[in-house]
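Both of the next two complexes hold chain A, though its partner changes from chain B to chain C.
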Partner chain A sequence: MSSDPNQTPATPPGHNDVLGHVDSPPTLIMVWVAVLALFGLTVALSSSGMFGKYTLFVQLAIGTVQAGLVAYHFMHLRHGDRVVVLTALASIFWMGILFVLFMSDYMSRSRVMG
Partner chain B sequence: MSASTHSPVLKHHFGDLNQQHASERLGMWMFLATEVLFFGGLFGAYACYRLWYAAEFEFASSFMNVKFASINTVFLVTSSLTMTLAIRCAKIGDKAGLYRNLLLTFALGSAFMVLKGFEYAEDFHEGILPGASSFGVTDLKHNIKTDAEHAGLDTGKVRLFLCFYYIMTGIHGVHIIIGLGCILWLVQQTYANQIPPENYSTVEVVSLYWHLVDAIWLFLMPMLYLAGAHIPHAH
Partner chain C sequence: MTTAVTSVMPKIAPPPPEPAPAEPNYLNINYSLWSWLTTVDHKRIGILYLVSITVFFLAGGIAAGIVRLNLLAPDGAIVSEDAYNRAFTAHGVLMLFFFLIPAVPAVLGNFLIPMMIGAKDLAFPKLNLASWYVFLVGAMFGVWAILAGGIDTGWTLYPPYSSRSSTSNVVPGVFGVFISGFSSIMTGLNIMVTVHKMRAPGMTWGRLPLFVWSLYATSLIQLLGTPVIAITTVLLMVERVAGIGIFDPLIGGDPVLFQHLFWFYSHPAVYIMILPGMGVVSEVLTCFSRKNIFGYHAVAWSSMGIAVVGFMLWAHHMFVAGISFYSALLFSFLSMLVAVPSAIKVFNWTGTLYKGSITFQAPMLFALGFVVLFVIGGLTGLFLATLGTDIHLHDTYFVVAHFHFVMVGGMVLGYMAGLHFWWPKMTGRMYSDWWSRVAAAIIIVGFFLTFVPQFVMGYHGMPRRYPNYPQEFHVYNVMSTAGASILGLGYLLPVFYLTLSLFFGKKATGNPWSATGLEWQSPSPPPLFNFDEAHMPVVVCGPYEYALGIDQMGRGLPEGPGLGSANDPSDKHGESAAPGPMNKETHVVG
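Let's look at the complex of A and B:
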């Protein structure tokens, strides 16, 4: 076992940088509270019906923030390698292509066909 | 020589543990990218029909049990927290904490599936079914056809929403069950002393999958349960 005197306090003794970053429980609990609070918000907004036909977009926007918090903190994109972050973003990018292509077809049919 | 090149958990085809951990993470993320596209297809199909048949989808969604789904959301989000705490415990060599958090995650995931089972049973007994058949049961609370016609809506489009509901929650449930199996495997690996701190990435790759399944639920919840939450009837 090697012992590096310069290692950060978060890393337990007897280990080197192999372990990477160790999460702090208060941060994780704050993220947990934030995701649940956003869930409460989306339930309240949906039940009130205050956004009318835009409700879906508001709900999905809140869902995106929630998923972003989960990905950034719980899935460690915060400390992720560049190639991992790139892979995560690529999945969203490809899903964007999927949506743009078929939505441009389905959502324009009524205009073309009457 | 550093510990990272002489660890018993280092697989022979990797130069050191950092490379092994990075490869494991990248491999799981590549798989998750395919999962995002897999669910993306379902989300896209849903979005399209939701925009086309908004009234029917919101009407059908109002039959969904928001209370069960809300409790399930709390279960899943909390299980994501305990799963992340399990990685922390693995890193700092806290075996008891690793056990505790893995078993808590397993319990919360199982509670999600049990509640989902009760919800499916309730849906069935209330007649919230995607097809014309009620499987020979006659005393169901609702009849989608007459309810939809009474509201001046197209029965087929209401049932289309219910198809999305059963397919999306069903596929999501299958992912949860697979995740639960992986968590049990982690418990066994912990018992067998196969997860020393330098092998924390084994817990991390399972957690990545678990979090993705959680994140997908965060989208399913508003799409399926909250679309009709503003319509006062049904439950």
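Let's look at the complex of A and C:
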């Protein structure tokens, strides 16, 4: 990183510094395996028809758990300070805008006006 | 707040001495091609972007030329109907994804954000270089799609036509858009982190130049919106390649879903295109009217307001696509809301001009053009956002005229204003004052002639994207094509005089416009790390203290060469001249 002019030479590993606490490889591998296992579960569910018309909801729930694992471990939310966690939550809120306004169309489309 | 300034000036620190020309500066430090291709200097990367997007602007312009020439005759003057479809698609894709979106953020933003906030570089210099390479890879796919025969879906890529029926090169084109999106995310991320983490001492949020605020808001949209278009394009490719039903109703998909997802990005994307232009205009208008901005906080917050509200109105593009009537009402209402922050900006710019000491150099002409054309574009946006009128106007030339007023009249003029304003800083050379003013005038005249007739045609029902039209529209189309050729000439002029200025232009001083921002405190062109290591800037006041005649470090402004221009030899020789501080008595209002 010698060519990087912004690197202040001696940054003490502060609490905000990701390098300060590296996740151990076993943890990372376990999380990875868990995410893959959940993926397998989703695929299996789609052909088993176990939950009938609710399959989609179950699959979406699994997907949420997967995304949560990735965010918490791989994206280091685990080590994030409050601002980082708030930012992550804000992006979920923003996705809420997408879904709510989507639904304003899909849920009222069949209503007849007047 | 309100400081009445009369001709008696308070004693302030003297203007800084002209900084010694940096030896070496960022341009002459190394001439090898390799040093350019591996540079992590934000200024050089800005130049790399400048060169690449200029190429795409010319390519997109050629496509536009084909479209306009073909419309000279009611049943197609030069190309087949199929080729016509491919020409307007190429025009849209090139201009939007490969020119307008990167134009100001990646060229001027890259170059100026670190300088404006008093930093040595962006937060992630290598990511910055990576973003340029990713952009090029994406662009190569786009070019491949076009050279292999083009795409005929329109830039909006609506399925099921794009996924089922079209035989054109949809996949490489869409893949190019997908890839270049990541470059946009990288630039946005970089700018955002830089603004948060690397401001010079004293550069509080309330003292940031408005250009920085507007690019901050833009970055927010880039970060939040672009992933959605990435997913959408992937879904489209999956459907087209693997036949998995997502959007195509024949295989269980929903075509309206595509439009929702597409516009959820693409409406905010129009603000990615306009917000940076608004930032440029705030800088230029204050400098060339020698006034503080009217309502700094209102202008800064309206950028953020546009960024946030801009995410909630996408379905105004879909009023006649079969969405729910109630939802359409809601989106029509929400679309009205976004006019509020836009109007706040316009009123504040007008307030800034009021009783200023205005001079009309090229950047100012472009910026004034921006304001006028953006007002027209924005107001016609309201016509379209009104549910009832849109049913009549949707997919007509009225829409085409609307968005060209905001994108070409607004953003391209904003980009030109910025390029002309900062060109001396970027290159160390002044360009021809006379030719640049002529170019601005030609561009604005050509613009009106091209797009005003389109409003009329559209109102009378000429649909967009049709190669043929009834005889009654002939005269309007001829006018529009004539205007487009004037416009094209206007765009070619800067290519010449700016290039010539590199070799023959007068050497620019550090602060040729006598402006207040930190970027003017280093020599032109700047040294590798922007500022003298020993004297990193310390900010003591807001960004536009023109009335007080001080820069952001609290020092006096140099006399611009334009002061008392009657006896100024540079003026007579057609060089650019600056207004200088306090050209005449200035009344400060607000």
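Rule of thumb we're sticking to: the second predicted complex is superposed on the first by the 92 of 114 C-alpha atoms of A that agree within 3 Å, B and C clash if a C-alpha of one lies under 4 Å from a C-alpha of the other, contacts with A are read in each partner's own complex, and residues count from 1 in each chain.
As a working rule, a contact is a pair of C-beta atoms (placed from the backbone, for glycine too) under 8 Å apart; a residue touches a chain by one contact, two chains touch by 3 or more.
Just so we're clear, the structure is a prediction, and the values are computed from it rather than from any experiment.
Visitor: In the superposed arrangement, does A:L98 touch chain B (first), chain C (second), both or neither?
Guide: both
Visitor: A:S108 in the overlay: touching chain B, chain C, both, or neither? Say first, second, both or neither.
Guide: A:S108 sits against chain C, while chain B stays out of touch.
Visitor: If we overlay the two complexes on their shared chain A, which of chain B and chain C does A:H76 touch? Say first, second, both or neither.
Guide: The answer is first: A:H76 touches chain B but not chain C.
Visitor: Per the overlay, which chain contacts more chain A residues, chain B or chain C?
Guide: If we count touched residues of chain A for both partners, the winner is B.
Visitor: Counting only touches as set out at the top, which of chain B and chain C does A:L28 meet: first, second, both, neither?
Guide: After superposition on chain A, A:L28 lies in contact with chain B alone.
Visitor: Find the residues of chain A that appear in the contact set with chain B and again in the contact set with chain C.
Guide: Touching chain B and chain C on chain A: residues 91, 94, 98, 102, 106-107.
Visitor: Mind listing the chain A positions that touch chain C in their complex?
Guide: Touching chain C from chain A are residues 3-6, 91, 94, 97-98, 101-102, 104-109, 111, 113.
Visitor: Mind pulling up the chain A residues that touch chain B in the complex?
Guide: On the chain A side, the touching residues are 1-2, 12, 15-20, 22-23, 25, 28-29, 31-32, 35-36, 39, 42-43, 46-49, 53, 55-56, 59-60, 62-63, 66-67, 70-71, 73-76, 80-81, 83-84, 87-88, 90-92, 94-95, 98-99, 102-103, 106-107.
Visitor: Considering only the defined contacts, which chain C positions touch chain A in the complex?
Guide: 40, 119-121, 123, 125-126, 198, 224, 228, 256, 260, 264, 311-312, 314-315, 322-327, 330-331, 529
Visitor: What residues on chain B touch chain A, complex-wise?
Guide: The contact residues of chain B facing chain A are 2-4, 7, 17-18, 21-22, 25-26, 29-30, 32-33, 36-37, 40-41, 44, 47-48, 50-52, 54, 66, 70, 73-74, 77-78, 80-81, 83-85, 87-88, 91-93, 197-198, 200, 204, 207-208, 211-212, 214-215, 218-219, 221-223, 226-227, 229-230.
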